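In the part that follows, the structures are each spelled out as structure tokens.
The following pair of complexes shares a single chain, subunit A, combined with subunit B in the former and subunit C in the latter.
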Partner chain A sequence: MNRLKLPPWLVLLLPAIIILSAVVLIPLVLSLYSSFTSYRLTRPDSIFNWVGFFNYEKALTDVKFWAAFGRTVLLLTVALNLEMLLGLGLALMVSKVTQGQRLLRTMMMFPMMFSPILVGFQFKFIFNDNVGLVNNALQSLGLTDRAIPWLVDGHLAMFSIIFAEIWTATSVFGILILAGLYAIPRDPLEAAKVDGCTAWQSFRYVTLPFLMPFIYIAMAIRSLDVARAYDIVQIMTNGGPARRTELLWTLIGRTGYVDARMGYANAMGYISIFLAIFFTIYFFKKLTQSRKELGMGA
Partner chain B sequence: MKTLLSGASRAVLATASLTAAISAFGTAQAGEFDGVTIEAKLIGGQQYEALYARIPEWEAATGAKVDIISKKNHFELDKEFKSDIAAGTTSWCVGSNHSSFASQYPTLYTDLTGLVAKDVVAEFVQANIKAATFDGKLVMLPRAQFDVSALYYQKDLYNDADKAKAFEAKFGYSLAVPETWAQVKDQATFFADPPNFYGTQYAGKDEAIVGRYYEMVVAEGGKLFNDDFSPAFNSEEGKRALQWFVDLYEAKAVPAGTTNYLWDDLGNGFASGTIALNLDWPGWAGFFNDPSSSKVAGNVGVAPAPKGSSGARTGWSGFHGFSVTEDCANKEAAASLVEFLTNEDSQKLESAAGPLPSRTAVWEYVSEQAKDDPYRSEVLAAFKETAATAFAVPPTPLWIEATNLIYPELQAAILGDKTVDEALEDASDAVDSLMQEEGVY
Partner chain C sequence: MAQVHLRDVVKKYGPLEVVHSINLDIADGEFVVLVGPSGCGKSTTLRMVAGLEGISGGEVHIGNRVVNDLPPRERNISMVFQNYALYPHMTVRENLGFSLKIAKQSQADIDKAVDVAAEILSLTPLLDRKPGALSGGQRQRVAMGRAIVRHPEVFLFDEPLSNLDAKLRTQMRVEIKKLHQKLKSTIIYVTHDQVEAMTLADRIVIMRDGHIEQVGTPLDVFENPVNTFVGTFIGSPPMNLLDGVVKGFELEFAGGTRLPVPPGYATQDGQAVTFGVRADNIMPVGHALPRGEHMAEVEMAVDLTEPLGTETLLFATLAGTEVQAKMLNPRPVQSGERMTFQIMLDKCHLFDAETGATLRT
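Take a look at the complex of A and B:
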């Protein structure tokens, strides 16, 4: 009788394969499968009720889903660009400081240490129309005599959420760009100075190209974060009022866990993943391109 | 002789204690559940802890142990229960339940009819028992956390002669505590002085605003759903009800952020002294009149919920309760615990802090206890009057899901994104699609 003998490389890899299958592959396959069923959390047997592409068709023809998709792209675009600009400014300023830089770097990281839930509650209070800090300050300073509905008005509510996102994550850009600034060789900057470049020209044509790989890495990381934005929005507005701040994951979260329609929620989730994949591929392409321009190879 | 007497008195005492234990702990016998452990998932929060402090008494009397494996608010428990049902991890025994959520778990909880004696069930307010019964199954026993809303108001607003004169000149009738929602609208508009003072406020999102809208539709003489659960709110009554919310928002008689408010925001808002009239739950009564938590303490009046144009009061009600799971290994022990947590002593303990009981005898007891406290008597009278015509949420497992479709449309009308007609038509279509998709009709 021949005993089945697995090749040593497979035996060595087997624990990793089993663990990865258990924690990644099986849940992924199960959720993908359930997106083709009418699975409801409260009726476990409905997981066997195959409905084909019904959930996908429903999501793709649902105006509310596409509105949430559009708002998520808007949030991504605005938040990411502003975080990048502010993070760049912050990093440039901190890099010029000669004393207490270590303390400043630590302080820069403070917002990252807060749980997003806490950040949500903090800004929900700050922007509260009745007892919030912002309105009280504006009214005390005589700048307005009305209660500005920060978390209700269509534009202001989105602004408030973007503000909270930027507050909590600008330092991600700041820290990564600062690391980039430290890595820039001094020679090209000195050569630019000798050639008579202005400070702006040195920054635009020497510093910035060196920083671009760092910026794209930060962009890729944050795009994944923002595309999954949930906690802060959930606490501040819960996607409302009147769906004015509804994002993909507040919609999907409510559909899956409150309405218990897990099959439909998973279908929306799989469509939404394409957004994250698109941004990741885009930023990695940009990263490769900027590395090539610096002669760092593909 | 001494020994004999002492032996006899011990026997008498033991018999008396056993009788007392049996009456206090329902049908459970002393030591009946020795070695049994009951796992429970209970609603958490300071106001609920006093009752849980009684659990050791039940443990001592029955020999069982209670292991509280989860303590969360009902919205979080709801998600946990749904995950448990999905994962098949429902062998724990006792769960906190709520009349608004209960219909969603048709398979999770067992019928208590055979586990709790009929005469015990008869001691509860029968309207509550009816609302705890789904498809003939009694799924929970109500605890002393019965909720219906009455109208809190700032008393001094009605003692101001200048205000009374100005009001009468503007609206043509004298200023008095409102008895109808039309009067509430007039008075709220009259009292409002934004951004410092508002006439009233309302819960503006989630199930909360749909509940408020639901009771207003009923008070206007309409229905939220037909008997087959097809939507019935896109009607003249439904439109009048929604228009009330819209008019107050447009008149700036409610805070601009009201569409984001939930119960805590509303309670704290009234306690801050910036709201004239506030429809709210009984649990806030003590908080509002406590100088350490409220700026309106000593100035709070409570009136029964006003009436709509049909003459009916608003009265969306709900209550907390305890249920026993279908998969519980020892349902008798679990039912005994549920009975204990909802018995007269438990309800007296809970209602002493303010919440309303769900047992007829305890209603009488708390009224008697409040005789020398004019504020408490006023509170109880107002809530008792409102409770008399209260009604629960429609008994459909799709209630919460339907509210998630309705509330964004109500908000859209309130904020002016849609007209009342458009919003109700969209909400009605969405609910209709849901019901059809789920095979309700």
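Take a look at the complex of A and C:
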């Protein structure tokens, strides 16, 4: 009897290896492979139809893809910056509150507790041109007498999506920046007061440098979030009208599951991943740099 | 430069009053040290002068102005904090020049002022480092440099040496004193360390529980403490205190030990008193105390010795109370050895047993 004897370390690692392969490795390799084929969900045998870099070339020369790419970057830039500013303001105000701060902090978290799908539905209703809250309010106040097509006009639709995105995620910045505010030592702020700083100068020269690491952590987390934005957009506008709010992942989702062109969708997906990776690396670099400024960590 | 006056200054946190109506006049160019145990209100008082704490009652004057309602930046003061309070994201140069930059001075003026301050405190080689790359003593020097570049009217020091090790503390103490001699500025300095207070101050303000107990020159508060608190707080080792009763011209202590009433004190027969004597004024016979007019002798058994080199501290029991005595030109002493001690009565103190106040006439 010559039984196959595996070394003990391999036996011990095997469960982890099997699980990781099933969950991560095989889908990853499969999707990467399929991006080099003309794989269509409706014709399973097409997965063996090797097309080389055709899908990648097609994506990189596709106007629709680049439009979605640009829109995603736009959403990322606008939403992240506004969320940061609003979150900073929110955190500064909450930090000044002396009574009921705990309650306020909990309330700040509320928007994060809802599923983005529900948030999408909520804002779809709020911005609805006939029965929506916004138009209703504007008309009741006499500010306008027509139904503003919030989700139908291309620019307004993008605005509405950004609005919803900011509503859900400003508190992420708020909470993290608040944590940063709590961590600031009191002495340098007092020294700044004695050194002649006004409230604004204290904030600009002392508070803000201390907060930067926290801001960059929030940016890194949120940039990943926004770069993969799908649910809110899918519910509110479904990428419409006429693809004016089409983002990378709504485009990829549509290509893969509606048009069934999975190979092409995977190729676009791999290109899009770089966007997320780029922003993450960028913000982590900024984070390390700002920590170094403060003499923290190497 | 300016004088500082505190007039009936009160600090309250809600219903809790922590500083009780204190009055203090500080002359132009004077080095005043506020000293007292933790929680005595000395830092709070300093922070009220700085404008970092609101003033609940009374007035603070700096120069000829009442500064109660002025923010710190309009008081023309600078402050050195216990934890240095440097800006960690700025280099030493930027830290030093920060207040001038805020005051919108020209870069050339800032550079000049920073260079002068760096020269005074020998920080020149460190100018381009960040606080994180400095040692504790260097950071403290930067904090002091930041204070001096502005030529403020008053310097405030809040326990600046507490975070340094003993050797560095001694060294920085000398530097602060030199700095004061050079700048001739008004300084208010807070510490809980009576050695720092004694060595630095022109005048010492001893505080306890939000009250000023005594104000005086270092020698004055050392030689003429107004009460037992000041007597034990100032001086190291602390003054020995013995409870006794006046019997005619003598004091009687527990166990029948008797000593003459020290000269210069008003006592009544039968009065309960506290007798105070410093270790420096109670020494074994033959060990350096000159024979004076008012001497007394007691015999005590030595329980413990602490040799310090030039002198040895002897712990002995007198009338049931542990007392510390000093032995100059020390010889080895066995534990339990009985020795005759001389007490220099001219230098002894009598306090009221109940109030602790001095009975000096």
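We adopt the following convention: the second predicted complex is superposed on the first by the 280 of 298 C-alpha atoms of A that agree within 3 Å, B and C clash if a C-alpha of one lies under 4 Å from a C-alpha of the other, contacts with A are read in each partner's own complex, and residues count from 1 in each chain.
Please note the rule applied: contacts are C-beta pairs under 8 Å (C-beta built on N, C-alpha and C of every residue); 3 or more make two chains touch, one makes a residue touch a chain.
This is a predicted model, so every value here is computed, not measured.
Chemist: For the three-chain model obtained by superposing on subunit A, do subunit B and subunit C clash or fit?
Modeler: fit
Chemist: Mind checking the angle subunit B, subunit A, subunit C on Cα centres after superposing, to the nearest 10 degrees?
Modeler: The C-alpha centres give an angle of about 150 degrees at subunit A.
Chemist: Identify the partner contact of A:V131: answer first if only subunit B is touched, second if only subunit C is, both if each is, neither if none is.
Modeler: Once the two structures are laid over each other on A, A:V131 reaches subunit B alone.
Chemist: See if subunit A has more residues touched by subunit B or by subunit C, and give me that chain.
Modeler: Between subunit B and subunit C, the winner on subunit A residue contacts is B.
Chemist: Applying the document's definition of touch, where does A:V206 land relative to subunit B and subunit C: first, second, both, or neither?
Modeler: So A:V206 only meets subunit C here.
Chemist: For A:V23 in the superposed arrangement: first (subunit B), second (subunit C), both or neither?
Modeler: Neither partner.
Chemist: Which partner does A:G295 reach: the first (subunit B), the second (subunit C), both, or neither?
Modeler: second
Chemist: For A:M93, using the defined touch cut-off, is the partner it touches subunit B, subunit C, both, or neither? Pick first, second, both or neither.
Modeler: A:M93 sits against neither subunit B nor subunit C.
Chemist: Is A:M107 touching the first partner subunit B, the second partner subunit C, both, or neither of them?
Modeler: Neither partner.
Chemist: Nearest CA pair across subunit B and subunit C in the overlay: distance in Å?
Modeler: Here the least C-alpha separation of subunit B and subunit C stands at 52 Å.
Chemist: Quick check on the complex: what are the subunit A residues that touch subunit C?
Modeler: 185, 187-188, 190-198, 201, 205-206, 209-210, 293-296
Chemist: Hey, which residues of subunit B end up touching subunit A in the complex?
Modeler: 78-79, 82-83, 85-86, 88, 104-107, 194-195, 204-206, 255-257, 259-260, 268-269, 272, 274, 397, 400-401, 404, 407-409, 411-412, 414-415, 417
Chemist: For the complex, which residues does subunit A have touching subunit B?
Modeler: Per the touch definition, subunit A meets subunit B at residues 41-44, 128-131, 135, 139, 145-152, 154, 237-238, 240-244, 246, 254, 257-262.
Chemist: Touching subunit A in the complex: which residues of subunit C?
Modeler: Spelled out, the residues of subunit C in touch with subunit A are 50-52, 71-73, 77-79, 81, 83-89, 98-99, 102-103, 130-133, 146, 150.
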